[in-house]
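Here chain A shows up in two complexes: once beside chain B, once beside chain C.
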Partner chain A sequence: MRSGWIERLGRLLPEEIGRDLFQPALADLHYELARRRGRAISRLSRLRLRLWFGASALWLLADCVRLMSIDRLSRRFTAPPSPMQAPRKEWLTMFAIDLRHALRLFQREPAFSASVVLTLALGIGANTALFALVQAVLLRPLPYADGDRLVLVKHRDVRSGLSKQDIAIGDFVDLKARQQSFEAFAGYSGFQAPLVGAGEPLRVQGATFTPEAFGVLGLQPAMGRTFQAADAIEGAAPVVIVSYELWRTTLGSDPLILSRSIQLGTTRRLVVGVAPPGFHFPPGAPTDVIVPAMVPATAPAVRSAGWIYAIARLKAGVPLARAEADVAAISEQFEHEFPQQNQGSRYYAETLRDGLVGDTRRPLLMLLASAGFVLLIACVNVGNLLLARSLARQAEMAMRLALGAGRWRLVAQTLTEGLVLALAGGAVGVLVAWQTAPTLASLMPQPSRIPGLDRVDLNPAVLAFSLGASIVAAMVFSLVACLGLMRESARDALQVQRRTTMTGGARRAASLLVAAEIALAVVLLIGAGLTLRSFASLIAVDPGFTADGVLTVQFGLPVGRYTDQPARTAAYRQMFDTLAQLPEVETVGAAAVTPLTGNNWTAPLVRPEHPLAAGQRPPEVGWQAASGGYFRALQIPLRDGRLFDARDSGAAPPVVIVSDSIAERYFPGENPVGKRIQLGESTAEIVGRVGDIRRASLSDAPRADLYFPFERQNGNGITLFIRTTGDPLLAFPAIRAAVRQVEPNALLFEARTLSDIAAQSAAASRLAMRLLGGFALIALALAGVGIYGVMSYSVRRRTRELGTRLALGASRRDIVWLVMRQAGIIAGAGLVAGTVAGLAAARALSSMLYGVPPWDPPALLAAGAVLTVTALAASYFPARRASRVDPAMTLASE
Partner chain B sequence: MPKRALPALTHLQYLVLGVLRSEEQPGRVLRQALASYGVRRSGPAFYQLMARMERARLVEGWYEQVTVGDQAVTERRYRITRDGTRQWSEAHAFYEELARLPARVRWSDA
Partner chain C sequence: MRRLSITAVSVLQAIAGGYEYGFDVIDHTGLPSGTVYPALSRLERDGLVRSAWEDEAAAHAEGRPPRRNYRITAHGATALAEAISFYRALLPARPRAVRS
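Then we have the complex of A and B:
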């Protein structure tokens, strides 16, 4: 295992520190490495061992520097000043001198400084912007007291792999009673309802809370009280807690609000409290009103008679793992005791933050890592630029060495110059981040559902990160630039000043760095290629319906007027007929679930002729209530039978429609139309078979879906699906006017096109593609500049050799080939290393890819091809310049 | 009362010399010995201590090649010097003397 680099770095230390501290400690590290190496058999363990050694060696070096500083400081305060030594204020004085020198240099070479600052600004800006997102979403405390102890309890169906948050009320009651890990266990859910008062009814977002939820969330009302157990039992007087914002606006800051009632939907509720300002649950979602959730004290006989979400607060000192084990054990008890409901169902606990952040954590961290790559590439490039600039400053450095400056002094000077450049780059980077961070936040999928995305800003923590990134960047590229200084003695330096070239070591280091830069660029290119291909696959997916030209509108009938099913059905039918008359409207339908919005509602499917064995839980299939017009509006193909129509409403026998997957899975070799399925105690006839659709998301495999007639299962609120003849959004005013003609008090809101919803379903993939693509382009450009720089200096260094070759009869094409071959070797090395690293990195991406394997050959080949073309183009210009060398002049000048 | 003097050794030096009294040891073993008394020092910090002890001629250090598995590596070994042995003995005598003192000592005639 080669570790020459650490010895070389160790030479930067003063001789005494290197000899007394660094060398023996490094020897011990080598001893430990040799001991562990005998046990590291697999490739992975050897890689880990290398990483461990590298990190330990760097730590050792840093510790030596720390001890050296302490030693010097203590000598400064204890030892009398020696006339032979420089005054001990030298650190500060020297730093001030170096700083002044660096600032002068910064001004003296504005073009060089600008290129370095801009390169760094790209890297630091990208990192700062992404860190602002990561900090807002993953690191900032949740807006609840001790929010890290809040957990959600969910369950996963091992047969379908679907996770659900809604818990059957029986399970909720027993979970609450049997758990040992939580100090409070509460239930909640969400709802929308019209707030009826003077004027237009107002649609409000509400939450139902069990009384324990206030303790779980640490919620103290601004006025009044929270719910008591007596508020949450059947028959209790209806009460409500209103949000502070609703109280201040709609309710006019009424000082006597606690003695007033409000009409919420069909129920009049007494206001018993006002929530504190800014309270939302879940965070980000509006919570205008809170009403008590009615949960029985003991589990009902029909355990799935209702559902609720569960949230709990961990007991102090109890880790999540113990809570998970606790919940899993209860889950097993349920499976044993209530197999018909719980067979194959596993309860689990996850932190509230994880539940809210969902799948966003991984892409965020992956993008932050990609931005880190860009910064690393930028650092290598800047390091190479500084290394190249040291050519012009060799005379100065040689003179300093000759006059007695140690290597450490020169390194300190280079570090200070780097620090000035990096801080300038960091300052511009912060400006870049200030502009881009909010845009990035808005590009995130479903930004309103992710906590913290509405508060992305450049706060002190983000600025500290930016400062840290700048300092680390300065260290990295200054160390690169220091490579040229490490082996030079004063005598060597004074000799080389006549050659105005890099030393061999510095040149090799520069080539190696460019190869590393190319490797990093290849990794990003592979990532970008994979996400591009994944996105292309995703948007090419046939969702099973036609989203173009469909408008979706949330629709609500006025409260209290349509209290029974026939009245609602008649109203809806009249509405559909009126809308269908509009010239802008082609077809009108309605359904309970909007496709591609992540909905996982299911229903059990049992065939009466194949009854389940005792204790067996029936398979679950997707649940949807839809009108016949829904299938026509979305152009879901009818394979057999018929769609729902007026025959299916009222007292007609129950009917259902099944999707292709149900037919194939549960009626193999049979025609399901005309067959029956079990619906509770009765049965329903299958009247039609339709095509499968992607219900939850585009990347979700088509599921088996069971459709119930909307005519029999409609409530006061539904979603309208309207296929229009032109632009769907332009048709909305006419639609609203037509609806108001039929029912002036109807609520119409959230008009969106189905295409927009489909696009949102691919938003995560699109964001990853855009950002990785952007990073890859920056990396490619920087790698191109790196190759160009190294080849340009190589050509300058070899001018005499090239002139001699031309004089001896080499053709200009030979010279071009000679130079480009050198570039090819560097690029080839980088390409191979980058491909290997890219394949490893792609595995981390695999969960974000759709329809593309991490080793996707087109993505790998494209990355290689793009990089090769860039390397060839970047090396062609120096090669052409080399071929134009005038042999006579070159030889004469030598 | 005869004039007494505190030992010149620090606790750490006393501990290191105590370990080295019986036989020479590699630095990493000495570090482990210190760690067993709860003194956890980084490699460089430990060798800084040893370098100071070398400069004070309490110990002698040298590199020696050893084989670990199939690899030859070097390690720094230390042995106690005559000065080191003397100072350790003085310190030891001091502590022993202290230990022999009665529980209540009259330090003053006042």
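Then we have the complex of A and C:
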């Protein structure tokens, strides 16, 4: 256990106490920890040991504080304070006395203290864990110099609403030349390539950077140099910058690395630099090698010949809004100048952080807010518990008041008690967060793509947050408990000291608080219901293909052996034939794009018989290169015509397959099969029509997709889609062996089932559902306890009245009804307030919901029903107790 | 020299009985750590006990920090005997019968 915090706290103690108590005791604690650690083998016993150490250390600190207060007191009585320091010392001494009193109370009622501490620990722990995530993702600086000035430039197709990061080279060159908001404007993209050397080829993650990218990112190499303009022109000698990690591992920390060259794919490149340790771009994704991106100095005639991503650094003092306006103005110029490429396409700028965090910001903040609700509910409950306990201590309080203690002294004492409880709850909460925060981070969708998620920890900022949360919690619930104190005069209190009753004001306050607690619980229940319904409709979505039983494998042909298309097509065909022979394999297919991984590549669609008017930009449809086996493996239905096969390879006339949406949208009332579409200068025949699929994600609307034959458009790297007869992952070894038989140097990696990919597509929804559901359950349980507590006190207070009613002939059922009606009024008020607040909160949730409106009646009704049942159950037991009051006993006691 | 308090006697007695380490003294006397450690410091300052750290190399070999052990000094043994006889003298000569 990292125990630096306790040493740091110890340094705040007076020297004498530190020397005589804290340091020797802590040394012994460390010794005990080390001794017991040897015996703690299981995870549970290690956790217990950590808890023991934390608790003992806190206890030691409390002991030190206790000693301090005794010290101060004895000094106060032996030496009068100097007049200058008197007020401060007085305050401190009073605080020390209160603290000692609070610690003693804490010890005297262990069950009460434990229940309060655990309730708070749950609330503070959930908040701390989520704050750790929020801090890591949204608040911590990006790992680049002045990272908040980094901006991505993207474009949105206003016709389809699709947002894209890849920019046509022509636009990139002109954007770079015309912009005035950025001090540097750079391009980058990513690639994977085999690093060929001694032994098995290694697949490395690469980035291409224009020379300006180093300035934009503020990257200084650990060795050597960055790229110069001369490295990035066609025909320049190929160079590469390797990552520090690759240099240390695969390249053996070679001190002469800068004079060596490495074989990357088909190209031999001279190493000119080594990146600094830990450098990644984009953050989170590994960057093993960086090669120069070749971008021409002026826009090419065919503007869309190639693409690149754009990143830029804002000029100092230029706000994002100005850059946005700048980019928008250039975008309008493009639309006028190049309507055929840019009509309806709008460029915009967003911060790098927003680009990386994407859709994660809203769910994170929403979950943090929900955790805040849980803490609020926990505070109300603890406040009510303290209020109830203060009844038992009414005599003590009354005596203090009568002896002349000011009301504010009592409030201060209650606050100090609250602080001790809250800090203990906070300490346990930090332990809860310490165990749960990394798990939470791993449950986030695509954790590797969100910067900071790999560095979620309980750093000083997070600990300060949980300390703050504890102090605020202490304030809230102590003030709740103080409500009972404020209205009593000493005389009243002394008079009632033999009865354990709340005053009318305190009782009303308690009921109001429980109603508020119920309202908060209803808000969370509605949220949980909505996310549950949304998740259910998301996983019930028919993606248009069957994911079960399909294995996807990334596959790469060895570099340099299959240089032309016919050689590659022949190799792939032989591979597919061999795989199809395996008993584990039903169908083999291949494609360029894996469905449900967010890909939104598009291609323009033009019919030769309906040529576009001058200055018109053609509509864009989804692009995919697939083999005939791909459709069979994924069971995408063939509606008409045929799938791709061996006829479509090589010199055969170009053909395409269209999806239902293309047929309906662009061939209304016609049969598209046999028709032609324009492809650049030539045309292609539509040979088949297949069903639509959800391409980018499950929540994506079915897309109009255009398929090109894989047989004509294949590269060295493809994705295999293999429908297996049994468990797909179990078939992988046999598949690998068969592939190696055909091509021993083939690269096979990232074997995943398509169902796993589909599940990942619903991960954000699943996480929101689980966490909100968990919070709602906690809230519900706490609200139930709250109702139970208030009704129990109410029944005890009304014992005499209920006894009289029974004596006068009321039936036991009447009494149960009487009590439950009171509970019903409280619950009803909470329910109404909660539903109104829940509807408002659901609107904030709406962008995260799929297939469910924020006012979804089943979710609202279910939240109401669950809460009503809980409230009835929680109030039934006090009501039953009330009905069993013995009238004779009650009346006799008067 | 001032007479030893009951607390100091308990702690000193425990050390004389072979409980040489802070946690053992706490276990044996049932006194809280906030009492035992300051008492040990005072006793050491008055020369009644002497503390020594374990051999660091031996502790390191067992993968734990070294332990601080306390021994009673000759001076301490005398003071303890005196204090015990003083407190014993305060007790009645014969224990009274205890009524249930």
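The rule we apply is simple: the second predicted complex is superposed on the first by the 806 of 894 C-alpha atoms of A that agree within 3 Å, B and C clash if a C-alpha of one lies under 4 Å from a C-alpha of the other, contacts with A are read in each partner's own complex, and residues count from 1 in each chain.
By definition in this document, a contact is a pair of C-beta atoms (placed from the backbone, for glycine too) under 8 Å apart; a residue touches a chain by one contact, two chains touch by 3 or more.
Since the structure is predicted, the reported quantities are computational estimates derived from the model, not experimental observations.
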{"item": "Touching partner for A:L21 - first (chain B), second (chain C), both, neither", "value": "both"}
{"item": "First (chain B), second (chain C), both or neither touched by A:C64", "value": "both"}
{"item": "Contacts of A:A34 with chain B and chain C, given as first, second, both or neither", "value": "both"}
{"item": "Which superposed partner A:E801 touches (first chain B, second chain C, both, neither)", "value": "neither"}
{"item": "Overlapping contact positions on chain A, where the chain C interface meets the chain B interface", "value": "20-21, 24-25, 27-28, 30-32, 34-35, 38, 60, 63-64, 67"}
{"item": "Residue ranges of chain A touching chain C (in the complex, touch as defined)", "value": "19-21, 24-25, 27-28, 30-32, 34-35, 38, 59-60, 63-64, 66-67"}
{"item": "Of all residues in chain A, those that touch chain B in their complex", "value": "20-32, 34-35, 37-38, 60, 63-64, 67, 71"}
{"item": "Residues of chain C defined as touching chain A within the complex", "value": "21-23, 32-34, 37-38, 40-42, 63-68"}
{"item": "In the complex with chain A, residue positions of chain B that touch it", "value": "27-28, 31, 42-48, 50-51, 61, 63, 66, 68-71, 73-76"}
